[in-house]
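Alright, structures below, take your time with them.
Both of the next two complexes hold chain A, though its partner changes from chain B to chain C.
Moving on to the complex of A and B:
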C-alpha cells in the first residue's frame, strides 16, 4: 500500500475536515432548559457517526482533488507454468486453408485456426508469461513477455490483418529468443513456432541460433501446419538430388532443430483437430514450478475517494431531510 | 380586560385602608368581631344592651365589626431567556394586565417586580393604583426580548413591603431546585401563589422521529437528539418528574403551584384560586 498524491499542496485542505467538529451544520431549535432533557447514548452515538461521516466526506473530496493514487508495485508470485513466446508465421500462405485454397464458408484458414486455438491455449495458461513475435519478411516485435492475458489475446487477434510476403524464420527465432534476455531463469522457457512452411537458414544464422538456444535454455516446439500435397517435416526425398535445403526446407529445418542440443518437439498438423491435439500436448507437458514478479500498475484512487465522498454526502443529505426544525 | 381574577385571602390583611378582603382592622363591616368598651369605640348606635347588662363592671359594651381591608398585590415575574420561549412572554403580559385590572377592581394596590440576571429599576413598578403605568410597562415588556438567567428572583423580597402581601410568582422554574428553595424561603413572610408556566412545545409536542439540535436559551449549550418514540416518552417522563419535584418543594413552603401548560386561561387560574381559599 504505497499511497501518493499528485499535488501535495492540496492536502492542506485536509484541515477543512476538522470543520464538522466545530459546527454541526444543523439548524438549532431553542430549548428553555437543556438540563431537563434526559441524556441519550444512542443520540450521542448517532451524532458522532454523522460527524465522522462529514469529516470523511470532506477528507475524501480533498484527497480526490489532491489525486490520491497507489504507486506501481511488484509482487513476487509462484505458479506452475512457463515463459512462452509464440512465434507466428505471417506469410501469406497462412491465409489459405489446410487444403491450400482461399478460405470459404466451411473451411477456415490456417491463420484463423491457429488464432482460435492459441487464444484458447492462452486462456488455459493462467500463470504463464507469454510473449508474441511474428515473422515474415522480417521479424515483428508484437508483445514482450507479460502476464497480462488480455494483451496477449489482443496481440493474437491482431494477426487477423492480411499477411505479408516471405518466410524469414531465422530472424524470427532470433527475436523470440531475445525475449528471454534479462529474464530470470525460472520454470521452463518455450518458443512455440507456428508456421506452415520453412526456409533455409544460412550458416551464420545457424551458428548464432545454436549459441542462443544453448545460452537461454529454450525448448522449442514447432507446430507445422502442413498444407495438403506439400512436403512435410518427416518426408524422405524420393530422389537424392532433391535432398538439399533449397528443395526441402522443412526437412532441413527439422534436422537443424534436432541438432540444436536443446529439447525440441515437432508436430505436423494437417487439420485444425491435429493442431488442437498438438497444443493440448504442450499444455500438458509444460507445467514446471516457476516464480515470477507480477507488476501491478499505478492505480488512481481519486475516483474511489470521490465515490466514497459522494456516498457519504448522500447519507448526510438524507439525514438533512430527517432533520426537524421547530 | 373583561376577565377578573377572583382572588380571596385565607388570612387577614393588616392594611388600614378599607378594601375587599378580611382585615385586622375594625370598622364598618358586616362580620361581628368583639365587644369593646364605649370609651374605646365611641359609637352609641352599636351599644349591645345585653352585653352591657351582663358586664360585671357595669360599663357599656359596644359591638365592633371587622373592616374589609385592602391588600398589596405583587407580581414577581421571571424574565430570564427561557421565559421568551414560545408564547410565554405573551402569557406574562396577559397575566400582568389581568392581575393589575383585577387588583384595581378590588381596590387593591398592584406592584410588579421583573427579575432577570439582577433586578433592574426599569422593570420595577411600586404598588400603586394607576392602570396607565401598568399598561406603559406592558408595552415596554412587549418590545423586550428576554435574556439571561433568573438569578434576580432571590433579591425580589427586598422590593416587597414589610407587611404580608399577596405575591404571584410567575416563572417556568427552569433553574435548579436549591435556587427555588432560596427564593421561596425569602418570600415566606408573604402569601405566595406560584404559577409555573410551561409550554407543550417543550416536551409533549416533540416529534416522534427526527434529528433535533437544541440550543439552550440561557447558556447557549447545544445538544442534538435523535428523536424516537422511546426518547420522547423519556423526555415527557423527565418533565413529569420535574413537575412532581416542584410540587413537592412548593408544598414544603405551604403553597400549591398551578402549572400552566396548555395555554393561558383566566378561568383556569380562577378555578385554582377558588380551590385555594376553600
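Moving on to the complex of A and C:
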C-alpha cells in the first residue's frame, strides 16, 4: 500500500486538524466555579470523541484536497509469453515488392506486408514485452521493451516512411541483444529479425555476437523476405568459387546463425502468405511460462477522503442539536 | 427558534455539509485545455557533437543538451498531448515512431529520446534544406507539428544555384525550426569507430564547398575554370567549415521559405514558451477535477467552528 499525494504543499493544511484541541466547538455555559461541577467520565469521553471526529473531518478534507492516491502497484504474475525484440530491416530494398519491383496497385511492398502482419502479431501477443530496433547502415534504437502495445504499434507504423540505406545486420543484432541487458531472464527471449537481405559479418562482430547470444540466452528467428530470383538462405552454390560470404551472404549468415549455439529458426518467405505462416509459427511456439508484472493503475483516494469527511460533518451537525444551554 | 440555530457554529457546519453535497454532485467540469502534437526531428549529424552548451558547469554537446531538454519538456506537456520522434541526417529524415500520448507512454518516449545517438546516422552528409523539405513532404499528411531541431550547419555548404524549393510544402505543414548551438564557431569533435574522441575535425578534413554541378560564380572570375574538367576552378576551396556555429540567419530564411516558425534553443524555459505557440495547439475538452473548491470552502467553515477564542485583554485604565 503506497500512498502519495499530488500536491504535497497542501499537506501543511493538516496543521488545521489541531484546532479542535484548543476549542471544543461548543457554546459555553457560564458557571460560577468549575470545581463545583462534579466530574463526569462519560462527558469527557463524548467530548474526546467529538474532537476526534472534528480532527478527522479536517484531516479528511485536507487529504482529499491534496489528492491522496494509491500509487501504481505492480503484481508479479505467471503467464505465458515472451520478451520479443523486433529487429526490422530498413534498407531501401524493403520498399520493393516480393517480385523485386516498385510497388503498384496490386502488389504490396515487402515493408508494407511485414508491417501489416507484424501489427497483427503484436495485437495477439498480449502478455509479451515487445521492443523495436531497426537497422540499415547503422542500428536505430526505436522502442524499449514495453507492454504498451500502442507504442509498439506506433513504431511499426512509422516504418511506412521511406527506407534508408544499406544492410548492416551485425550492428542491428548487437543493438537488439542489448535490449535484454538489465532485464530479468524469464519466459523466452526472442530476437525476431525481419529482413530481405543479408550482409557478411566481420570476424570481430561474429565473436562478439556469439558471446552475447549465449550470455543473454536469446533465441533468434529470422524471417527472410526473399525477392524472386535472388539467392535464398538454403541455396547451395552451383559453383564452388561462389561459396563465400561475399557472394552468398544469405547462406553464410544462416550458417553463422546455425553455429550460434542458441535456438535458431529461419523462415524463407517469398510472399505475404509465407510470412504469415512464419509469424503464426512463432505465435504458437513461443509461449513459455513467464513471470510478468501486472500493473494496477494508480487509485484515487480523494473521493473516499471526502466521503469520510462528509459523514463526520453530518455527525458533528447532528450532535449540535443535542446541545443544551441552561 | 430553537437554541442550536442561534449558534453560528450550527450554520457553519450546515453550510459545510451543503458544500460537500455540491462536491459530490459536481465533481468535475469540462474545460478546454490546449494540447499539442509534436513530431521532433532531431539532427544527428556530426556538428551536433560540438560542445557549446553548459549544464551543471560542464560543457555538453548540442545533441546531449537537446535530448536533455526534450526529456524535461516531456514532463511538462499536458496529458493527451502527443509526441513522435524522428532523426535527420544526410538529406532526409526517418521517423522512429508516430506520435504517442505522453502520459500513457511517458517511459517509452523518454527512453527512446535518451537513446538517440549520433552513431545512428545512416550517412554522413548534412544537407539541412533538403532534409527539411523531405521531412515536411513526408509528414504533410499527418496532423502533427514538425519540430525540426538543427544547428543549421550544412556539410558540404549549399551551392546557391541548387537550393531547395519549398513552394510545394509551404503552408501545408505546421511546425517550427529550433536552432541549436552557440553563435561562436567551435570545433567539431571527431570520434573513432569505438566512440572515443580522437580530436577535432581540422581544416583539411571537411569539404569547404559543394563541388556538385555548376558553380554559382561567373566563369570568368573562377581561376583555372574549365567547363567540363574543372567547373569550380583549380584553386582549393578554403573556409571555416570545420568549425560550427548556429547558422541563425540561414535557419530563419529556411523557416520563412517553408512557412514554419523559428526559435533558438537556449534553455527549457524558452523552448517550452516557443513550443506553446497557440498555432501549434489544439483545444481539447478535458474533464478537470474541481472538487477542491467546495472542499476548501467546507474546510474554512469547519475551521471557523473550532477557531480558538482569542484571549481577552482588559484595557488597563
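Keep this in mind: the second predicted complex is superposed on the first by the 223 of 326 C-alpha atoms of A that agree within 3 Å, B and C clash if a C-alpha of one lies under 4 Å from a C-alpha of the other, contacts with A are read in each partner's own complex, and residues count from 1 in each chain.
Heads up, the rule we're going with is that a residue touches a chain if its C-beta (ideal position, glycine included) is under 8 Å from a C-beta of that chain, and two chains touch if they have at least 3 such contacts.
Not measured: the values here are computed from a predicted model.
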Chain B versus chain C as contact partner of A:306, first or second or both or neither: second
Partner with the higher number of touched chain A residues, chain C or chain B: C
Which of chain B and chain C A:42 touches, first, second, both or neither: first
Touching partner for A:314 - first (chain B), second (chain C), both, neither: second
Contacts of A:150 with chain B and chain C, given as first, second, both or neither: second
Partner chain(s) touched by A:27 [first = chain B, second = chain C, both, neither]: both
Touching partner for A:102 - first (chain B), second (chain C), both, neither: neither
Which superposed partner A:323 touches (first chain B, second chain C, both, neither): both
Contact residues of chain A, present in both the chain B and the chain C interface: 26-27, 323-324
List of chain B residues in touch with chain A within their complex: 82, 85, 172, 174-175, 199, 201-203, 207, 209-219, 221-228, 231, 234-235, 237-239, 242
Chain C residues within the chain A interface of the complex: 2-4, 7, 9-10, 13-14, 16-17, 20-21, 23-24, 27, 84, 86-87, 92, 94-101, 104-105, 107-109, 111-112, 115-117, 119-123, 138, 291-292, 295-296, 298-299, 302-303, 305-309
Complex contacts: residues of chain A adjacent to chain C: 13, 16, 19-20, 22-23, 25-27, 54, 57-58, 61-62, 64-65, 90, 132, 134, 136-144, 146, 148, 150-151, 154-155, 157-158, 161-162, 164-166, 302-303, 306-307, 309-310, 313-314, 316-317, 320-321, 323-325
Chain B-facing residues of chain A, complex: 24, 26-34, 36-38, 40, 42-43, 46-47, 319, 322-324, 326
